[in-house]
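Please find the structures below.
Shared between the two complexes below is subunit A, which has subunit B as its partner in the first and subunit C in the second.
Moving on, here comes the complex of A and B:
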């Protein structure tokens, strides 16, 4: 390819080419880093909550008559018995929250008792009974589930924590980083001094906050709480959920006049809400990258068109001197190749630099190396495509121009 | 070597049809130096463009070296222009962004010569037109006469058998015009066929054969008479 004379001719008319090269560099920088952010967000959205999302729904019951502790216990037991008795219901539990709900309970856990322990680790807490594991589709990988007699009612005016707990594998690794063997039987401390004996480890169950870095850190404790606001999480046999949602809602509503059933929601709806920010971010960044790419493409078309007009005469002369039409097309393609190569080299350096800043500032994952060559190839192709139209027009300029205009 | 039979060229615009050439017939033999004169608008440039394959003809036949030109496609025509024909234009037509060396290099690159061969030819041609010292100059840094000599060097670099010149001295003063004509005569002496369009009779006289074009046709008789007639009309 005849890069030499093309390059030397470009040096005589630098301004336009410099601007386009910079535009390509900036577009590449933004493209690559936007992609890094999108990739991270997409990873978030793709994470598993641990739930059997397709077959799980939740609803809440709010009683509005005068609060009576003993009556609440009876009502909750009745509700759970009612729900669990519905054909098609696999299991159900009353809990304070569930994964993806974006609201819940968290506590600091530590391996030694005492306040202000420096090695304390935050964890989500779910209050459940022996049906918790099955309802939340949690797979036990070590130890055992709660037995019914480990499950106790919250004691009035006593905030002592239950003596047993089941934790996720991620939480176990975080609390006992050096433990090679089983953590079952170990004791951790909650609320500074309350000992909790770990009786089981589950593979995965997310905390209610998908944006939290500790989202995989979760502990289940065997306790029922007698608040007049109860959240029931219901897992059905496959395929029963949509039919059972209105049925169970009606069943509960009809069983007592003193309450409202609200927040009836599938886990898919909850998931959508939980990741609405991430999905929006991905859409916005996709749009921004596409817009920038189009603008850059148009810039290249514009510069090439301008150059074709400016060089109408010399293109005719070149044709007269023996250039074929493809040779004229190649000239403009080569020119674009040179501008792109410069822009993409600068863009590559800027991309890595910006990514390093972002990794530092927002603790983003470092860029996957292959994003850079992919972005380069993509922008190179955009450039060549953008220049193709003007180049073809150039190749159709008549060689007679050489004698006709002066 | 050049053989045109009843060549016509018609330009059509929305409103008018211009018959730039009408049944134009001409034969030029190898080694000839032909001058073409005629009033403005008579079809001289049109003839030259068709001879040089810069434009297609509307009717008639044109054979160059025994090949029927109308049967060639664009790529083949480009190749013939590149290898067999050298062009010299009134307005020099050097490429402003390229220096003298790169300008002469243009047709040689299209020819596909390697770097050594191109360099050898460029240096030889520049030597022939006496501008070796200006190799790295840009056209804007040269006088009109120098630019035209670079253009001639560019036309000669491919060692064409056929040189076409449209008013090569039109933008030059008498001295420079003379030196360009000397150069053309010398080139012709070394065997290259030349067709030169000019409106200056003194220059036309230096050709070995004169043809006079009027209304898109060759007309007979000594050019002086026709010029006198054109002037008095």
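Moving on, here comes the complex of A and C:
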């Protein structure tokens, strides 16, 4: 098909085509930026927490009688012994938080002591005992687990830190960027001056805040806390979780009148809650892009139909002069191709511009280059599909029309 | 004439039902997309104390680490220490002042079968209720002497009173929390500030606490905060005493001034206070106190999530696409009717008459689109509610008021008329004779 005549015919009726081109351009702008956001969110949701999520649940116990340190120690030991003794429980630990919970404890870690250390790095802290690694399904890639006699007890609002810790590989890389060998045996400082000896490195364990940039930075310390609020994390043998959740809840609730059990939750629920915003954004934007494509498609159909009916006579004349049906179809397809090409070129520029604005204003991640050609091809196909119907109708116009006077 | 144009308009709209439906639908969807996000944003950025916005101030003092600001570039902490909260409250230099924090307590309802449950309780001072215009159903708040005497009194929300006492006037009755008795002095009527401006930490939409009790009582009972708590230097010793004496921030402080002109005086008082504390060896940073109105404070804490703004900008573009669509279709319609138009022009219709006629026709499409747009907005809000259903407060964000309904219709009409301008102008510039000639 020769583009020349199609182009010259379009110039005679610019406004309609300009509008469609603009519509395609803005549609593409929205599409590309929506894709960029969706991709970023999908990456977030796809990250592993490190937990054995399908077989892990958590619950909290709040005691509400007079606080007594010695009694609390006995209670926590009893609870843990009780939970660990239930058949089907693989391991359990009392900890302050767990990945994806969106609330927890963080501290600054540094390689040199002192309050003015420039290299301090924020890290999530989980207080665990020797069962921590197995309960959190952490894989030890270097060093050793805590031994029972390393686990200490600590009072709330007190600041003595245990002398040992296990850190994630991501934290190790961040804190010792130049270290090629093992970091086991090295000392880091917490709370400005308290030394912590690294005894192990684990492959992965997320901090409790999925939105935090340092979400992979985590340190486990061997400590239990005398608090009247305790969180128990329980990992079961595969398939036992749903049966054990109510069983253990009842077991603990019935063991004392002076407490209540709350926040009973599977890790799957925790994950869902942690990523509500991300999944919602993905769903909203998917819907928006689909709706938008339909509207733009319908706009193209509408305008093409009008052009066809407006030019009924000319088409009849062309047919009478020997143009074949496919030639008429090709004419309208080419016309749409030209409009789309113009629209998509403008769209490409607008997309990048809007993305730059969004990155600046809302600190989003810049879009990946390949989103642009993908959106272009998709919209080109939508345009061609939309124009196909009217084009076929045009090709069915009888050559005899030419002989009729309107 | 107007009625005649209306008739012409409706005839023309009915002549092309599919096309007209497409236009109305496009406008409605565009309006729906825009207005549902605008509505959410409107609720999120609401100011429950707008009528007192120039009298209420959130107090910040910069007691932070000399080497490291609380937040870049040089933001003071968003809460205050126990030391400063109590000192400033005691000084009583504002018309009203309140210091508060939230804490988890276990409520033990009466009766053998009743199960205890955990509640977030706000420990606060007497002025809280008057400052924030908290409405009472029965009784009232406590007074300053109850604060001083650490009286065991509570104020309940309407919902909590319903739960514990079936909604009857419970003033004077007793309730138990953590095995300790409390006397009820007041019951609130329905009160759900959106957002919870007086404490924006954690979740600004979770709704106000259900139980209120004197701050001094909470301190003597050694309650911990269930909200945010940050410390920049190690505690001096162990236990609750050391915590109270520490530089940890965990208390929200607000003052009400008798007039907006008092602001400078109170600021001066704060600066003097900090200078005084500096002499005692505290406040190692430069004086950096802050008084923010509720509106300023909500902007500072970024109550409106960026996600909403991202969605809003995409929704506006979405409306632009819908309008481009409408312009295109209107134009097509006009081009198809050129012969009609030139005939009317030849018969003496003036340009302005044609202009009015087509604008009225477009206006009708706009109104239809706006009305359908209200429905679309409602659907959009239900959709948003659905994708965010894990949040239990979400339904409070997804509410449409009459202002929003009005805005939806207005936006629809204005944008349709704007869209109609170019096609209408094209229609008017059809010359009387051209098309007639070919006939």
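In this section, the second predicted complex is superposed on the first by the 386 of 406 C-alpha atoms of A that agree within 3 Å, B and C clash if a C-alpha of one lies under 4 Å from a C-alpha of the other, contacts with A are read in each partner's own complex, and residues count from 1 in each chain.
Everything that follows uses one rule, which is that a contact is a pair of C-beta atoms (placed from the backbone, for glycine too) under 8 Å apart; a residue touches a chain by one contact, two chains touch by 3 or more.
Just so it is clear, the structure is predicted and the values come from calculations on it, not from any experiment.
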{"item": "Side-by-side fit of subunit B and subunit C on subunit A, or clash", "value": "fit"}
{"item": "Contacts of A:321 with subunit B and subunit C, given as first, second, both or neither", "value": "first"}
{"item": "Touching partner for A:313 - first (subunit B), second (subunit C), both, neither", "value": "first"}
{"item": "Touching partner for A:399 - first (subunit B), second (subunit C), both, neither", "value": "first"}
{"item": "From subunit A, separation angle of subunit B and subunit C (C-alpha centres, steps of 10 degrees)", "value": "90"}
{"item": "Of subunit B and subunit C, the chain that contacts the larger number of subunit A residues", "value": "C"}
{"item": "First (subunit B), second (subunit C), both or neither touched by A:260", "value": "second"}
{"item": "Which superposed partner A:276 touches (first subunit B, second subunit C, both, neither)", "value": "second"}
{"item": "Least Cα gap, in Å, left between subunit B and subunit C after the two complexes are fitted on chain A", "value": "8"}
{"item": "Contacts on subunit A seen with subunit B and repeated with subunit C across the two complexes", "value": "13, 406"}
{"item": "Subunit A partner contacts - residues on subunit C that touch it in the complex", "value": "19, 22, 26, 29, 33, 65, 67, 104-106, 108, 115-118, 178-179, 224, 233-235, 238-240, 242-243, 306-307, 309-311, 313-314, 317-318, 320-322, 324-325, 327-329, 331-333, 335-336, 383-384, 387-388, 390-391, 422, 426, 439"}
{"item": "Residues of subunit A touching subunit B in the complex", "value": "2, 5, 8-9, 12-13, 313-314, 317-325, 327, 398-400, 402-404, 406"}
{"item": "Contact footprint of subunit A on subunit B as seen in their complex", "value": "45, 48-49, 52, 54-55, 74-75, 78-79, 81-83, 87, 89-91, 93, 95-99, 102, 105-107, 109-111, 138, 154, 158, 166"}
{"item": "Subunit C partner contacts - residues on subunit A that touch it in the complex", "value": "13, 15-16, 19-20, 22-23, 26-27, 29-30, 33-34, 37, 62, 64-66, 115-116, 155-159, 191-192, 229, 260, 262, 272-273, 276-277, 279-281, 283-285, 287-288, 291-292, 295-296, 298-299, 302-303, 306-307, 309-310, 354, 358, 361-364, 406"}
